[in-house]
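Take a look at the structure below.
As written, the chain order gives the labels A, B, C and D, with residue 1 at the start of each chain.
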Amino acid sequence: GCGQTGLSNGSGSSDKVEKKAPKDLKIGVSISTLSNPAFVNLKNVINDYAKGKGSKVIISDANNDTSKQNNDVEDLITQKVDALIINPCDSSAISTVVKKANEANIPVVCVDRSADSGEVVSTVASDNVAGGKMAAEWLVKELGANAKIAEIQGIPGASATRERGKGFDSIGDKKLNIVSKQAANFDRAKALTVTENILQAHSDIKGIFAQNDEEAVGAARAVRAAKKNVTIIGFDGALAALTAIEKGQIAATIGQQWNKIGEESVQMVYDHYQGKKVPKNDKVPVKIVTKANVAEFKKQVYNK
Amino acid sequence: MMDKPKAKFDVTKYMALIALIILAIVITALNPQFIAPNNLMNLFRQTSVNALIAFGMTFVILTSGIDLSVGSILALTGAITASMILGGMPAWLAGLIGIALGAVLGAINGLFITWGKVTPFIATLATMTIWRGATYVFTGGNPITGGKMNTSFFFQFIGQGYLFGIPFPIIITLIAFAICYVLLHKTAFGRKTFALGGNEKAAFVAGVKTKKVLITIYTISGLLAALAGFILTSRLGSAQPDAGTSYEMDAIASTVIGGASLMGGKGRMSGTLVGALLIASLSNGMNLLGVNSFYQQIVKGVVILIAVMIDSQTQKNRD
Amino acid sequence: MMDKPKAKFDVTKYMALIALIILAIVITALNPQFIAPNNLMNLFRQTSVNALIAFGMTFVILTSGIDLSVGSILALTGAITASMILGGMPAWLAGLIGIALGAVLGAINGLFITWGKVTPFIATLATMTIWRGATYVFTGGNPITGGKMNTSFFFQFIGQGYLFGIPFPIIITLIAFAICYVLLHKTAFGRKTFALGGNEKAAFVAGVKTKKVLITIYTISGLLAALAGFILTSRLGSAQPDAGTSYEMDAIASTVIGGASLMGGKGRMSGTLVGALLIASLSNGMNLLGVNSFYQQIVKGVVILIAVMIDSQTQKNRD
Amino acid sequence: MQIEMKGIAKAFGSNKVLQGVNFDVKSGEVHALMGENGAGKSTLMNILTGLLQKDAGSILIDGKETSYSSALDAEHHGISFIHQEMNNFPQMSVVDNMFLNKEIKTKFGLMNQKEMKKQAKHYLEQLGSNINVDQLIGNLTVGNQQMIEIAKSLMTDAKFIIMDEPTAALTENETAILFKTIRELKSKGVGFIYISHRMEELWQICDRVTVMRDGVSVNTYSTTEVKEDRIVKDMVGRDIGDYYPARNPKFGPVALKAEHLTGAKFNDISFEVHEGEILGFSGLMGAGRTETMRALFGIDKLKSGKIILHGEEVKLSSPSESIKHGIGFLTEDRKTEGLVLDQSLEDNIALPSIDGFRKGGIIDKKAEDEFVDMLMKRLTVKAQSANVPARSLSGGNQQKVVLAKWVGSGSRVLILDEPTRGVDVGAKKEIYKLMNQLTDRNVAIIMVSSDLPEVLSMSDRIKVLYEGKEMGIIDAKGATQEQVMKLATGGK
């Protein structure tokens, strides 16, 4: 038999869009997981901002499962949403549904992580590679060149793990002495155990780079319990980490501006429907947060 | 004296189907989108990966076994297939090799269980961990994607193509269903599977080569998991190192909702298909209704429980 | 004519212990840090959460049951306890209520299994999903932390304190072990557990109230999971909504490595403790040796497989 | 004290097992309950002790209508039941088995192991036994396991003890000790209900005897005024010659020859069976007959020995190979090894032959239906249809289903282990007729049986085993029970 493939090569970006006001928009949001406070916060920011402007919002949670996320997005397309804001579990695996959205002429905005292919209106994310580099440079500055440090990695294979690792190692491999790299899956309990063991094997480490703040908080507990003096830097700027910085349990974190990331991703949708030109790549700057500027960051990002 | 009336219509056999129909009606009433042809196609496509795994799981569960390693087999074979395609091998060949590898991994489970005398739960728990680790080692933790995977028509067709307007994964699933159905219900092998599950000792004494049958069954399970992995890789355009995590639970749930008993000896392929559809409809439907994902889990658990309780309550001859 | 010799020393009973000792020697040879008192304290503390859950699992597995819901019970009770502490309740009272709640959740499993006639695997698979969903609903996906949790001495002491230089979680675990050991091996209840697992019908004929015993056992499992949750919450200073995910697998593995049979009727509390130590030593040791976490999984799977295969091969009376 | 059971009736589905049984027993007497396999003796006792509920009739204890809710309830009221089938926990020690659910506790609620051991030893010593109470009960001989069951009922201070075939597994020595114990307890006022197939025991130990047949109590006698032939007649309802169909064997060549078979529980067993012959295997429980047959058929491992089938040496390392060579094996326990109880008669009957129904890989359902139909007719299986689960049939009909599957698989050598165990009188006779039909068609049959009259009447030659060794072979014609029993208990 002769088959039709339906593999048209995505012609998503139509130059002429039918203009729509925010209150006429139904926005589908697919979040990679809601078991991470960073994303819960992101979801809330998106939700509040969009609802505040009168849009309808439908949210789904992929539970960190790439194929569930594809199903979720398909189901959002079925519901004829006007736009999709996707926080991909994985940049490569999301591409096929992005293409599907393209076929259905639904504009897509990626948030926090990008899509490898398919047409997206915009990608709003922190620059993870830059953040990784920033963390390494900061450690070099604080602890001096060749300081012994350990790297606690995120979920193996996750784009955040790869990118942060890549950025960090690009500097760290040369200027630091990375004695241990262990995965703790972005998980606090896992990071606690892993850190306990790292401290055992390398009792003389001076610093730890944790690829997210959950891990940083877990690592800090291990360090405190072992009564060691280790400089910890996390990644996220999550509330728990900010509190820990205030208390001096964590030295620093690479702060992502979640409020900006969330709001801008929604704004991209609005701008698109106003016929405005939107930047393909919206790199929201990350900044290093230490005791010195934690209050300011907290105010800025969480309004607290 | 033998020409007594045929066994009468047994409603308990159709509990899962009735539940599925009721569910479909309820969801449709709340959101008619549900039965839009487009959504049905989505739904069936969303069912396919789990259904394929569940078909294999049905054989396994019929023998009172369990296969926890399916998700890891899916991931490992998917990754290897993807890397072979990237390396330039024709996609059909890479797919075949991946599926054959799945069969081998399944057979290894069977060997541990029969010759190694390890209970299925532990044997497949161990291989689940091992193959997952192997997948991470093989991929270095990175998804495998790009290159020829984006250009091979065959590869893309498997997960994303249409034939006569029907998504190709659905067609593969239906073919697999037909084969499994015949295998289980119409062949000597299927009979032996049932006999073994009903009473392994009696089956052995009656000449069933129980080890051979068991190894074959775990081989089928591995093969189908790899086939599911091929489809998934094609759907996602990428092989994820953590693909298939906890898929075994959905497959087991589908099988059990479809009327199979974890004690073995009881189950039907059509029941499993219905069970898989029910689970997929639940997610799809709740997504359409905009049910909060947290509540989705609760609802799913409750539905499994109710389905199984109705089933066990309507069985008279339990224990 | 009847004076048979006493049962001779049975090496198969100590397989797990021998494996643990060999493992410890190998790791120490590669990195002497392993037996530093400091690391041993770490190791034991790292064992405690899994060990507590595994103690409960031992009762469950002895009856040929399984409890997949322990991780979810841990998370839900942990979250509720934490929020009560935040709300101003004294930590000891919140802890007690959380643990009691764990017992209730366990009892619910028992009710589904006995009165609902749902097989343990499915019943606890369903409640695993339900309680996890409930945890997410309750926490909104956010960890519960801060406030009084940071100031309550009692609360912090549970997971982080020391008594006579020994981390308090270790002390709790040892006490729980002693109680479970006595309960299983020295009381009538324990005898009934064994009997029920060995031959449920005969136990019933002998007048054992099988339903009551089963419900009690799942209650114990839930209670210990909640206790583990309390310790974990205190250790982390925070209740995580996804805490305990897949902890059931480690608990089952510990129990089985310790010599229990998933077919029921066989198992010992001391074996489970050894099994839990073996699993913890494996992670701890491999971390110390800087083994890549990908390979860690493979090694863990292989070790489980080997431990269980040695056990099943040295058993003559299998089936 | 007195127990009276009046007009007791009980049916399992359509199988009316008890249809009006009257029975009574008083303190200080031993009242025997006799009846063929399947007459309903065990069922009656299960009803008395609350394990089963009666459909009709009444139970009076000292004239007061009573019914027990459970075995434990009955035990609390002084009625203890030593079951025919071992109800124990092989993975648990002797003392744990004895005290299950009656654990002695210290004041802290813990088990008082020391005291329990002491008492366990004490009760076993009363029976003249000094079994090590710490060892696993599964490692004991059947006889010793039986002893423990008896000790268990001594423990409960029972006022009435029911013994369901207690001596079936005991040696003469052990039996003598048991009888001594019974007499002692009797003199202390304990009453016994004593079920046995051993006729001579009636006059050794019993005061009265009630005979049951087909679920009805036929007669009750005082043992001092009744003779054996009367009881046999009551039991079977006709002359015994009538009961066992006559055999007119025509032996063909040797079908199967076993040489020096040695396995885990038997040593150096040799025999041959001819086409058309029924070779009986007799011995006490635990003599190793079943083990021999299992190893021969390839279920268990044979340590050494040769098997020659129709003149050619064969290796039978698995049942499937034995079946390929035309051997069939009806196992002694049809529930655990003979049938897949929840599957249909058709599935069960066709199982060993299923590969033969393949047509292009698919089962030819029509041919299978015809095959099963033919076999069910030939073996007169009574069932609603071939599609009902095996579980729903009566024991006798279940046994016929197992036979049907072996007949259907074209067995030329049939091993029948306890072919009429738990089979009712009518069905029993049909099975005998069937065995005759099979041997008429030159099938060779090896029949293991613990039922002496059956062995004597149906076998052509009788091989006797004792503790895993062969004691000799006798020509069944003119052989007596004494002759066989003597060999079976180790005498020469």
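Operating definition for what follows: contacts are C-beta pairs under 8 Å (C-beta built on N, C-alpha and C of every residue); 3 or more make two chains touch, one makes a residue touch a chain.
These figures come from a predicted structure and were not determined experimentally.
More C-beta pairs in contact connect the chains of A-B than those of the other pair, out of A-C and A-B. Our note on geometry: chain A versus chain C, Cα centroid distance of 34 Å, whole angstroms. If you average the Cα atoms of chain B and of chain C, the two centres end up 30 Å apart. One finds 72 Å separating the Cα centroids of chain A and chain D. For chain D, the set of residues touching two or more other chains is empty. In chain A, the residues that touch at least two other chains are 34, 156, 183. Across the assembly, chain C contributes residues 136, 141, 293-294 that each touch 2 or more other chains. In this structure, the chains touch in the following pairs: A-B, A-C, B-C, B-D, C-D. If you check the complex, the residues on chain D that touch chain C are 51, 70-72, 75, 83, 87-92, 96, 99-101, 103, 105, 109-111, 113, 129-132, 134-136, 138, 144.
Those residues of chain C whose C-beta lies close enough to touch chain A in the complex are 31, 33, 36, 38-39, 42, 45-46, 136, 140-143, 145-146, 160, 232, 235-238, 240-243, 283-284, 287-290, 293-294.
Considering their complex, residues 297, 299, 318-320, 322-324, 329, 331, 336-343, 347, 350-352, 354-355, 357-358, 361-363, 373, 376-377, 382-389, 391, 405, 409 of chain D touch chain B. Chain A makes touch with chain C in their complex at residues 34-37, 39-40, 153, 156, 180, 182-183, 187-189, 192-194, 196-198, 200-201, 217-218, 221, 225-226, 240, 243. Of all the residues in chain B, the ones that touch chain D in their complex are 1-2, 4-7, 182, 186-188, 191-192, 194-195, 198-199, 201-209, 265-266, 317.
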